[in-house]
Amino acid sequence: MEHKRTPKNIFVQGAILPEKIANSIANHSSKTDIGGHSIFLGQVRADQKEGGNVRAIEYTAYEEMALEKAFEIREDIFTKYPLTCMHIYHSLGEVKTGEICLFVFTSSKHRKAAMDACEELVERIKKELPVWGKELVDNDTSVWKENTNV
Amino acid sequence: MEHKRTPKNIFVQGAILPEKIANSIANHSSKTDIGGHSIFLGQVRADQKEGGNVRAIEYTAYEEMALEKAFEIREDIFTKYPLTCMHIYHSLGEVKTGEICLFVFTSSKHRKAAMDACEELVERIKKELPVWGKELVDNDTSVWKENTNV
Amino acid sequence: MEKINTSFKVIAFGMIAEKIKTKELVLEGIPNTDVLTGYLHQQYPELQHLKFSIAINKKQAVGNTMIPLGAEVALLPPFSGG
Amino acid sequence: MEKINTSFKVIAFGMIAEKIKTKELVLEGIPNTDVLTGYLHQQYPELQHLKFSIAINKKQAVGNTMIPLGAEVALLPPFSGG
């Protein structure tokens, strides 16, 4: 087993940079049993709200609980799918529109496991992690974000 | 519509570099109606063969037909899913084990469309594009690759 | 006779913290989550219109759950990460 | 009487090109894909054991298909991209 069965920090201050994603991909080139990587990236949208457009989302979390929960989700997904690697990164603090706030990365010998696991991870992260996004509108008001199922 | 309805080249000589992927992600930060990106990466595995391990795959294609087919697939997927962007890159020539040979990238307002479209794109690319991989084994023999459904 | 300290910490997040205007409360003598909810609804009437769940020592409580001595209790509005 | 040039180009890929030892053939007087397959099986017996499909002007032929004048015909082993 190449993955470590210990809780990992998943939180990143501010936006997740494309360079971080590139480094993460490059780090897997030595794992020559991997045939497919599946990546999901959440990006902050400039949604229209009453009085203006979203300019950023400010994320807060119940960090200790979120890390315990993320560990539990990781274990479940590793049990369910034949994965080589799995990585989860979520932003805390302010992330501007157009920037990346979530990076989920699964790798497997074959594509199907990587894709199915990635999708399930994203759904569980959105549903089960105690993380909250507050949409900051450009007229200085704010709206608490609500997750949808699409 | 932000995508161009004209055939695009999808072929890249040699491996697809992580920096290319990072640039492609970064290029989407100005599209603030995007909420989710789904990415699939194919990586060359060092599979065991009679007499040795795969050290690289050499890709050839019926390029003109592949580009026409890729265009047709793109149109179908754009019709089926509410996507903002879609990108397909496939290697030609030699790609070493651990390197990336396929990069499929879909973006949408909501995650589900991006993920479903990405998965369908990957399946159709593998099934319908006239591209062939020849696995080069480290004892100087070679084996024509066969795609599986996993 | 010694007095048992039955106080526990309540931490609030997101919209709940905003409504009750604090991120942390110390309460005492509240045996379970139903009593806690009743207390909060009475103290902070605005919470009557908000959905939130309760975690005890970092596990989400399902149904009415006992609050153990010295527990860390958290008030969690609907999650909206990602 | 003028003689009509019925020749067409056949391009081969992957394992098929390897077996027939060329990437390109020029054939003539072959009206459809069934006759083409028969001709290839006879000329290159090894192809009898290989699966391949035929594209005419970059479209995969389904069933027996006429080969038009000056067509670009391609012999395609099972795809294995990605």
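To keep things simple, chains are lettered A, B, C and D as they appear, and every chain counts its residues starting from 1.
Assume a residue touches a chain if its C-beta (ideal position, glycine included) is under 8 Å from a C-beta of that chain, and two chains touch if they have at least 3 such contacts.
As the structure is a computational prediction, the values presented were derived from the model and not from experiment.
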Subunit D reached from subunit A - shortest hop count over touching chains: 2
Reference subunit B; chain at largest CA-centroid distance: C
Subunit C and subunit D, separation of their C-alpha mean positions in angstrom: 74
Inter-chain centre distance, subunit A versus subunit C - centres from mean C-alpha coordinates, in Å: 28
Approximate Å spacing (C-alpha centroids) for the pair subunit B, subunit C: 49
Where subunit B touches two or more other chains, by residue: 42, 111, 122
Interface hub residues of subunit C, defined as touching at least two other chains: 82
Pairs of chains found to touch, sorted by chain label: A-B, A-C, B-D
Touching residues on subunit A, where the partner in the complex is subunit B: 18-19, 21-23, 25-26, 28-46, 97-100, 107, 109-115, 118-119, 122, 148-150
Residue ranges of subunit B in contact with subunit D within the complex: 42, 59-62, 64-65, 68, 90, 101-102, 122, 125-134, 144-147
Sites on subunit D touched by subunit B in the complex: 11, 13-15, 55, 58, 74, 76-82
